[in-house]
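Letters A, B, C and D mark the chains in the order given here, with residues in each chain numbered from 1 onward.
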Amino acid sequence: MATILLTGFAPFNQEKTNPSWQAVKQFEGKATQDGSQIHVAELPCEFGRANEVLINLIQQTKADTVICLGQAGGRPEISVERVAINIDDARIPDNAGIQPIDQPIQAVGQNAYFSSLPIKAIVHNLRQNNIPAQVSQTAGTFVCNHVFYGLMHYAETHHHIKRAGFIHIPYLPEQAVNHAGAPSMSLETLLNSIKITLEVCTKQGQDLALTGGSLD
Amino acid sequence: MATILLTGFAPFNQEKTNPSWQAVKQFEGKATQDGSQIHVAELPCEFGRANEVLINLIQQTKADTVICLGQAGGRPEISVERVAINIDDARIPDNAGIQPIDQPIQAVGQNAYFSSLPIKAIVHNLRQNNIPAQVSQTAGTFVCNHVFYGLMHYAETHHHIKRAGFIHIPYLPEQAVNHAGAPSMSLETLLNSIKITLEVCTKQGQDLALTGGSLD
Amino acid sequence: MATILLTGFAPFNQEKTNPSWQAVKQFEGKATQDGSQIHVAELPCEFGRANEVLINLIQQTKADTVICLGQAGGRPEISVERVAINIDDARIPDNAGIQPIDQPIQAVGQNAYFSSLPIKAIVHNLRQNNIPAQVSQTAGTFVCNHVFYGLMHYAETHHHIKRAGFIHIPYLPEQAVNHAGAPSMSLETLLNSIKITLEVCTKQGQDLALTGGSLD
Amino acid sequence: MATILLTGFAPFNQEKTNPSWQAVKQFEGKATQDGSQIHVAELPCEFGRANEVLINLIQQTKADTVICLGQAGGRPEISVERVAINIDDARIPDNAGIQPIDQPIQAVGQNAYFSSLPIKAIVHNLRQNNIPAQVSQTAGTFVCNHVFYGLMHYAETHHHIKRAGFIHIPYLPEQAVNHAGAPSMSLETLLNSIKITLEVCTKQGQDLALTGGSLD
């Protein structure tokens, strides 16, 4: 049994909603099939503060499995992120008006950290359950990557965290209505994809040796 | 009150399912809010025969409103088609192995017919209900356009048909799983979009004067 | 030998240049291999007036071959248009501030006209010469389609016009710089594609029976 | 003055050509404006061996500036890569038939290395010269990333290398002809982009503080 922390984000970039929090909040107080308890929280879309809130939550909940979710507007599939990089480079200001350019997230951190979620098994199980999914090789350089990196940096020196990682999700249909040509995913499918991901994370030992690579 | 005929297609191009029929078949025997009766049918994905089946169905059901639906794999939104053109040009063979190139559908038909559905009102109402939708300026040159053209050609000389048109829909998630990067739409959203479309078709008089144009 | 009229457009939609006129203007006073004389002109990006200017030019030059070119920002390939439809539906105002919605271009015109250029042969020859090209099933509903329709409508009743049609071309690289993620085509490639198109138009008899269709 | 090593790749994934080598080979024996000598080489598209060949070339040429180029089929712009990650995950076999899945490139290497090219200045100067370009946050997980990582790993412990990095380039038009809908870039534009990149690398001190970030 695990103690699981799931996070979503506040809306950003002029959106009125964020699919990650819309989906994650519905898991409050729930448990996985093996009895793992689920905690949920919304992170602010702010450099620095998002990570402070996240670390506090990890310490309060004593979570050993942490999965952060964020919106990837324009992507058509569930994107299970592979790697977080040690850089903030913001194309737009965050919700506090901060716009760092080429700043390291941690002065003494590693250049990058790899997800410790079973990312191939998650993608495989999502597809088996008819949900479009892929491994993603970049979480960008905005607050999503910032949180993903902060999480993995913390996990490296706090060994009570067994599994941690980041998942990007598409727009909700209600958001795509305002972005001509943008793909979307229904809330039902998002909830189902989180449920499946949690089951994989509590049951899967070593990750599956399936390709999830990209040519470029 | 209207008598409505809804059609979907059989699977084609190596797909195991066709979202249009998966969605349409669930409306069998149902009625709209104003009591309009709904008939449904699956059309074969075959040049020529699809139109024979369709015309027979129209005559049997005495439908005055006919909406044909088809799969547009790769499109992210509900596409309400504006115009059918008098040409068959098949990039792949149809389900009977026929692959016409630059053949007119009707030797004496008009070059094109415009949908008589309230296409702007449909798109407007879908978006109001949080469903991504757009007017589309082309239904392609395969069996979908063939059926759309055949329908409108028949409607022009059989005035008991008050409204007729064609709507393209995205892949289901279970199909997109096999097409990396392809957008999809859940069955629930598809069903909701058809329900809204039917209500608009039975209630809307003249179409709304909203832009649904494309620059190129 | 033919007399050829080539047109491009003025810039629109906040662009500083229009690749169609940048390319077309370089053919002023030139001739094809068989001695056909080439005339060029820039059309205003204005509903109504563009067609007046075009018809005047056709009458002045006594052209029997007319090819209009326009910008399709976001398309990656040369798009040889198949069909013009009898509708103006403007997503943005034209350069005179006019924004028609669902207005027929000609009250008594056909619903659509097909290009009388050898569109399949043009695409085939462009590809043979290493230039990405495709048949396109829609020229949109803005001024490009308006001119294409106006041209074909005129050609139908003025039989001195033997071949007429419309070709959409991508952004120039200098334009794509301002549109993240947009494809572009170099001026050299554009010039080469027009040269090849003109040779095909003067040499090709009946069009080739090659597929140029679209599934949706 | 610098000694510059430029590399391209052999064709892969059923292509007959590789735009990176087609472009790079034309710089053999040339020099930049400040007299920096340019060496060029073609790398095999093979895990392991590509890096052996590259390291040998660096040692032979005593290059202090190394820029490796590779094909990114489907990307529309020059992609100046930001980061190489320590993983091989091949979606297809390389040219020697090898297909590693989730193998670290260096058992004791860092998780990732950042390019030491002035990536923002390169993108800025390319755009100033009308060439579409962007910073890219992922070089994939195939041989391109493998070489990029191998290069940066070597550079970290061999301080005679002052600047090193990787640039992805689009298909040539002659390749895009076989990939419907794929963007391309002309050889002239590619050559111009390399020329500009080399001038920036020899003249630019510290990189420019311009955003080149991605939201996801």
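Please note the rule applied: contacts are C-beta pairs under 8 Å (C-beta built on N, C-alpha and C of every residue); 3 or more make two chains touch, one makes a residue touch a chain.
On a predicted model such as this, the values are computed, not experimentally measured, just so you know.
**Q** Going by average Cα coordinates, which chain is farthest removed from chain B?
**A** The most distant chain relative to chain B turns out to be D.
**Q** When the contacting C-beta pairs are counted for C-D and for B-C, which pair yields the higher total?
**A** B-C
**Q** Over half of the interface residue numbers used by both chain A and chain D, so same, or under half, so different?
**A** same
**Q** Counting in whole Å, what is the centre-to-centre distance of chain C and chain D, each centre being its mean C-alpha position?
**A** The mean C-alpha positions of chain C and chain D differ by 38 Å.
**Q** In angstrom, rounded to a whole number, how far apart do the mean CA points of chain B and chain C lie?
**A** Chain centres of chain B and chain C, defined by C-alpha means, are spaced 30 Å apart.
**Q** What positions in chain A touch 2 or more of the other chains?
**A** Not one residue in chain A touches at least two other chains.
**Q** State which pairs of chains touch, listing all of them.
**A** A-B, A-D, B-C, C-D
**Q** Which residues of chain D touch chain C in the complex?
**A** Interface residues on chain D, with respect to chain C: 76-77, 127, 130-134, 172-174, 176-177, 180-186, 188-189.
**Q** If you look only at chain B, which of its residues touch chain C in the complex?
**A** Per the touch definition, chain B meets chain C at residues 13, 70-75, 79, 82-83, 85-92, 99, 101-102, 110-114, 120, 135, 137-142, 144, 168, 207, 209-216.
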